[in-house]
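Labels run A, B, C, D and E following the written order; every chain starts at residue 1.
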Amino acid sequence: MSNTEVLLQQLIIGLSNGMIIALIALGYTMVYGIVELINFAHGDLFMLGAFLALTVVGALGLDAIPEPALLSWGFIPLLIIVPLFCATLNWSIDRLAYRPLRDAPRLAPLVSAIGVSFVLINIGLFWGGLRMDVFNGGVAAASPKDFPWIVSSANLLGPDSNIILTWNELLVFAITVPLMIGLSVLVKFTRLGKAMRAVAQNPTAARLMGIDVDRVIGATFLIGGALAGAAAVVYSSYNHTIYFQMGFRVGMDAFTAAVLGGIGNLPGALVGGLVIGVIRAMSDQYIATEWTNVVVFAILIVVLTFRPSGILGATVREKV
Amino acid sequence: MSLLHVDDVTMQFGGLTAVNKVDFRVERGQIFSVIGPNGAGKTTVFNAITGVYEPTEGIILIDGRPGMRPVTPRTILGIALVGVLTAAGFTIALNLESMWNAAISANYIYKQPFAWGKAIGDALGHLRSAPATLTLLPAIAGLLIGVAGATSVWRRSRRSPDVVARQGVARTFQNPRVFHQMTVLENVLVGMDTKLRTRFWHAACRLGFKHEHCSSVEKAMAMLRFVELEDEAGAAASCLSYGHQRRLEIARALASEPKLLLLDEPAAGMNPSESVDLMELIRKIRDRGIAVVLIEHHMNLVMGVSDRIAVLDYGNKIAEGTPDEIQACPKVRKAYLGTDLD
Amino acid sequence: MSEGPLLSVQGIFAGYGPIEALKGVTLNVQRGEIVTLIGANGAGKSSTLMCICGVHRARKGSIHFDGEEVTDEKPHSLVAKGLAQVPEGRKIFARMTVLENLELGAYLRKDVAGIKSDLDMVYTLFPILGERRKQLGGTLSGGEQQMLAIGRALMSKPKLLLMDEPSMGVAPILTAKIFDTIRELNKQGMTILLVEQNAHLALKLAHRGYVLETGEIVLEDKASSLLTDPRVKEAYLGDED
Amino acid sequence: MRIPFIVGLVGLAVLSGCGSGTPAPSGDSNTTTTPSATPAAPSGGNPSVIKIVSSLPHTGSANAQIMTIVNGIKLAIDEVGGKVGDFTIVYEAWDDASPERGQWDPAIESANAQKAVADPDVMAYIGTYNSGAAKYSMPILNNALLLMVSPANTWPGLTKPGVGEANEPMTYRPSGKITYYRVVPADDIQGLVAAQWASEMGCKKVYVLHDRELYGQGIAKMFQQASGPLGLEILGFEGIDPKASNYRSLVTKIKQSAPDLVYFGGTTQTNAGQLAKDLRAGGLAVKFMVPDGCFEDAFIESAGAANLEGNTFITFGGLPADKLTGKGAEYYANYKAKYNSEPQAYSAYGYESARAVLEAIRIAGKKDRAAIAAACGQIKDFDGLLAKWSFDENGDITTKTLSGNTVKNGKFEFVKILGQ
Amino acid sequence: MPAGGIRRILVLRAGWILLAIALVLPVFDSFLPREFQFAGLMRPIFILAILGLGLNVVTGYTGLLNLGLAAFMAIGAYSYGILTCDIYPYQLSFWTALPLTICIGATAGIVLGLPTIRLRGDYLAIVTLGLGEIMQDTLKNLDGITQGTQGINPLPAPRLFNYQFSPENWIPWYYLLLAILAVVVLFCRNLEHSRVGRSWIAIREDEIAATCMGINPVKVKLLAFSVGAELAAMSGGLWAAYLGSTGEPGNYDFQISIIALCMVIIGGMGNISGVLLGAVVMIGFNSILLVKVTTILAQKGLIDTQNVITVPSNWKYMVFGFALILTMRFKPEGLLPSRQIKAELHEMDEDRRALKKKAGTK
């Protein structure tokens, strides 16, 4: 492989990974923007989404298809069921664990979120013990699970090309980009989007406008959950391994992306995700894999030294 | 030299000019009022004076000194030091393991005595023989990042309220900002912070701590007596009524023994009789030799107590003068007071 | 539609934590009148309004609006029933345009044509808002923000308008203008409950008035009578004249 | 309202110590124990009962493997009818993992060791699963001269001088006596054998990866050390992040250097499956070799059988259960009959270590820790699962039988015996 | 209000009550049947309580959310390990190494805090969270120095006069750690009631108002950050000494930071007795109660190896999680009421005593 090819290949890998990170980061940033809560359970919600995706794959027999077609039809039910499930779950979590704490001290919902995260991890562990074929009869509940190929792995650039670009990478973009555009449109132009922005800026005033604040916050969790579900499907079909503890690391990457881009800022999440994805790929290639995490956080600290509110974050001027 | 110089101060927020070329002077022992409609930029001027905001243009001098951290040789030295340390840090970080191997692992034989001198020599020798990409490059990068980072961080915190406060400026806020989780007495003690000398280790081990603590508590009680809050000294500040919180804020501000006191709408939410008491209090503060700058809407209070008044409208100063001059000024009547003052 | 007062508050108690802010407040607002609630700071005026519009929950007592019991209703359903508030300190959405702010006022309404005509009505009432419709709310001056807050409340087509300290922090010249607008609105048939620090101005404007002291109604009368009441004069009007 | 709540929670914490159940036979309080060079075993307990405990991580990822080890131990005890001589053998399976770790926890492992030392009935300690955990319990147990037999520790430094750190293994033997034995061959042997096998298969250039864990990095280093003399060229030696979501960037980098074989020192839990997948997805059709940490069904499950088919090679310090003969075949049949399931790789070692403990008790013939620990070292030509074996002077098992395995049709397939 | 008296005593004297219980606990414990004894398991509580007190300074007093305290604990443990273990040339004793460890922790806190301390709330949270993660990576990668995942062992136990502490005998350890904890508590209490503590709390309550009073926010926050780091490093050093090994770098992970955070919040933010109670509840629940329950269930044979749901240890996360959620639901301000309540009870004893003294002299 020539050096240019390597660079191109790493860019493709970095951007694909970055897109997935960005999709999860959106969930963090939306929830943070509206209730100022670091939703620690978000990564684990994403993990449960991946487990559901695998369960659906097993139930529909998608794993039995030996060489999947370009785009397996199975993708469509996955993309409906999993986001729906994650959205509902996220909404219920908000309803049961966070909503009662709206007036509590600031860190109380954070601890509650950590608690929820533990519960979800435990559910993931049990889920891995399901007596289904895709879970190998549930004997090794805690082991990583293989997520079968449901999209063709044939190289689109031809079998002899050194650079690998498959439908898997394209699918990441094909799902993520429209979701992001849709989300921006929703927040900018729809009635719900306006209500969300109003609640984020001033909940009391929003209430006086006749906005049901709890419902709007619920809707935000719903959308954030759906994004996590979509991300779970994309992640699983791209990486093919899921395990019950994966939420923490993926969630941390996503949260870092959200902060790097400027938390509460939707385009910021995208920029942050892509930057982190690309840095990871480049560090793996040109520095050393074992130092990649250190490199990412060193860059985060340097960026925040010069831009304390993240790349796209606006400087917040406190009203005195 | 006047106590406070505000010269051609302009404040812009994202293209919007909140304050436009405002200038005024406050003399020692004077009560100076700033009036004007809401949004005219009065509080913004306060924030610029106290260092909460940095003015886009213009100069603010307190007792002839700008209210920001001065560029001293120490500052430059400090930034240079951060740069050098970052450079050294980067270089050592990149070579840490190999230096350790050269110095410690290579020289130490299990449970044998260790030659420290040789180890240090070996470590430096190793660093000298390492390729430039591992020594010079990180050192230069570290120096650049260190100096740039330190400068950027220092510049951001250059104008900080604490610098202004240490020059003898204290203030209150439009909405009282007392420390809710503290007692009333502790609130005042926080105000005295700049005057206290207790160092960290003294505090931790209670060395020579008692004496200063007792005298500061005594002073704080005197402040509370001055604003007639001594009965509430042990209560949580959050339990105070709105009016009491305002007085607590004044006591806290006075505790720092300021030369200049800025009061942001102290009479908001007071009924006329309370306003009269407040007027009295402000005069008493002035009599202690403290200059007072006042933002207020209660015209009776302003006119009754002020030595001079400045009027702001849409960020511009439209008039300045004694209360009588201001009341007579047609421009002010038109823009602010309304033609019939009833 | 039922007869009787538009709004009737019966002996409500409310508080924050251990502190009792309201101790049995009772008041009525008849259709078409301006009622004012005056009192010192901390007397519970704002708390009363917050209870009426459902943001704060009353511990005891009942609230009837337009003949219906609404004591435990949520703010959004009260807005739907025709109750709007111009909150204390204006509470503009600073990072939204003037137009978006006004549109949020009509959040619960579905009649596109009605919203359009009301928007025009607000623009005629406050021409400055029309000029600045694309500007962010946070960049308006204090008086303009107050107008925007009133306009925003009007966009929900309320039957009763609650106003909390519309003169607070507004230049005397603008205060007069805002009070003129209130009078104008009332002439067009709007019922208004006005909470005001500036007792003198408020009593001059209103038909009736209540005086609130430490969470209790201590006086209730025609506004003109209150203006001359010696107790009121001493405590709230002072040497204004 | 407030007080009952606080009191309740404090009470809960206090009660946790009391629990419920029948009080155990009382003995001297261990508070009177004085420290000294000679161990003072707690007296008391039931003279006719000998307790064997195991300390293995029941929580988390290795759980399935651990359960079959525990079953193996139980099987060995059942085979002797729960009695050795006049002593009734009692077995307790302790957990050295904690929920927040998701794996073994140093605090719990060392607490387990202290608990075992304090209990006068405990005469043998089977464990640990992880070599890292053994470092905590070994000195404590050794000081009390309590026999410790590990079914799974493979870090060479635990027994062999000169392989690990400068102070290993003396540091684990404060009493100066050997009380720690293991029934698995250590990693230096496995690393060597793996390198030999790679060379036999005709590989010239190798890229070595490891998971930066004690086991994985250790064995990768052993592999690297053994490669030099065999003429294998090491193209790279790199640690991976076991929590990363994929290794495609790394695979691209490896691809650039065009190796014949990628060796990964790591386990299923440290993402061996993901690495295998990414090697294939990255279009790198080279041989992939992993050590026995991946010799469990979970590896095939997590990697996806298709990704391993034919070009993945696994070394294992023993034979697969169904390839055992003689005593081993007997064990395999009994296990399947009793538990109605297939044993996993290390189950046989659980069984073997329990048998070694029972044999030591039999040789000692009395309930005395020092005697039993010493007796274990005297086990010679024991009829083991693989062959007859003894413990050498370090406490290592003398068998060096390793098997080379591959994956065929979604199952491990035995290829050959290595290292003989 | 008859309960008021008890409540008052509980709130105001919680520290003394806890100390008294801790002092007599080993005696009480020795009367319990052996398999139910638990006082020996209390030692991790003391060590982690120091960590909790460190976080209390950073998060409880100063309001900086630090999610990477484990990094400083790791620094402490590894510093202690390198300074004492005989595979390195330093080979200091416990009593020299521990203060050095604390100094290293404080320095690390300042160095790492300098570029980040100005970040607002949640940005600092993510930076510290990242710090916690990369510290493990760094310690693993520098295996030439730290032995990587081998851990540094054995580490010498302390020696006091001619007495050598040993892992077998837990009673001396118990009292040693209790004494160190008591010193740390005293240290924190002195700070809390001094100018330093006041400026921390002022910064937490209202940063702008505090700065306008002349408090330099950067200095004050940095001080708090480094005191937190110092206490964390201390607990790391003690932890390593207690276990006789630094353990793997992976042991100092996010879970440790989270446990410390939960201790502080469940106990009651900014309240020393609350943090101590939080430590007892959290660690007691985690390492004593759950372990005992599992053992009892295992003895009763209620475990089916083939089914993940019937293994009790698999439920630990669930129980732990629900405990956190429910505590926050019903006691969001923590188990022990904070300073606020104390203030409402008019009992800021320190100032009150000073006041009384003044009244007496006049």
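One rule holds in what follows: a residue touches a chain if its C-beta (ideal position, glycine included) is under 8 Å from a C-beta of that chain, and two chains touch if they have at least 3 such contacts.
All values reported here derive from a predicted model rather than from experimental measurement.
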(request) Enter the minimum step count from subunit A to subunit E; a value of 1 means the two chains touch. (result) 1
(message) Just to be sure I understand the contacts, which chains border both subunit E and subunit C?
(response) A, B
(request) Give the label of the chain whose average Cα location is farthest from that of subunit C. (result) D
(request) Pick out whichever of the two, B-E or B-C, is joined by more C-beta pairs in contact. (result) B-E
(request) Could you say which chain's mean Cα position falls nearest to the mean Cα position of the entire protein shown? (result) E
(message) Quick check: how many Å separate the C-alpha centres of subunit A and subunit D?
(response) 37
(request) Averaging only over C-alpha atoms, locate the centres of subunit C and subunit D and give their separation in whole Å. (result) 75
(message) Taking the mean of the CA coordinates per chain, how far is subunit A from subunit C in Å?
(response) 44
(request) Please compute the C-alpha centroid of subunit D, do the same for subunit E, then give the distance between them in whole Å. (result) 33
(request) At least two other chains touched by the same residue of subunit E: list those residues. (result) 86-87, 115, 118, 137, 140-141, 208, 258, 306, 308, 314, 316-317, 320
(message) Where in subunit B do residues touch at least two different other chains?
(response) 13, 52, 110, 149, 153, 156, 173
(message) Where in subunit D do residues touch two or more of the other chains?
(response) 63, 166-167, 212, 239, 241
(request) Over in the complex, which subunit E residues touch subunit B? Could you list them? (result) 86-89, 111, 114-115, 118, 142, 144-145, 187, 190-191, 194-199, 201-202, 205-206, 208-218, 223, 270, 338-340, 343-344, 346-348, 350-352, 354-355, 357-358
(request) State the interface residues of subunit C toward subunit A in the complex, per the touch definition above. (result) 53, 55, 74-76, 78-80, 84-85, 87, 91-96, 100, 103-105, 107-108, 152-153, 156
(message) So in the complex, the part of subunit B that touches subunit A is made up of which residues?
(response) 13, 43, 47, 52-53, 145, 148-149, 152-153, 156, 173-174
(message) Which residues of subunit A touch subunit E once you look at their complex with the stated criterion?
(response) 32, 36, 38, 97, 100-101, 104-105, 107-112, 114-123, 125-126, 128-129, 138-139, 141-142, 248, 252, 255-256, 259, 263, 290-291, 293-294, 296-298, 300-302, 304-305, 308-310, 316, 318, 320
(message) Can you tell me which positions in subunit E touch subunit A when the two form their complex?
(response) 59, 65, 115-116, 118-120, 122-123, 125-127, 129-131, 133-134, 137-138, 140-141, 208, 254, 258, 261-262, 265-266, 269, 306-309, 314-318, 320-325, 327-329, 332-333
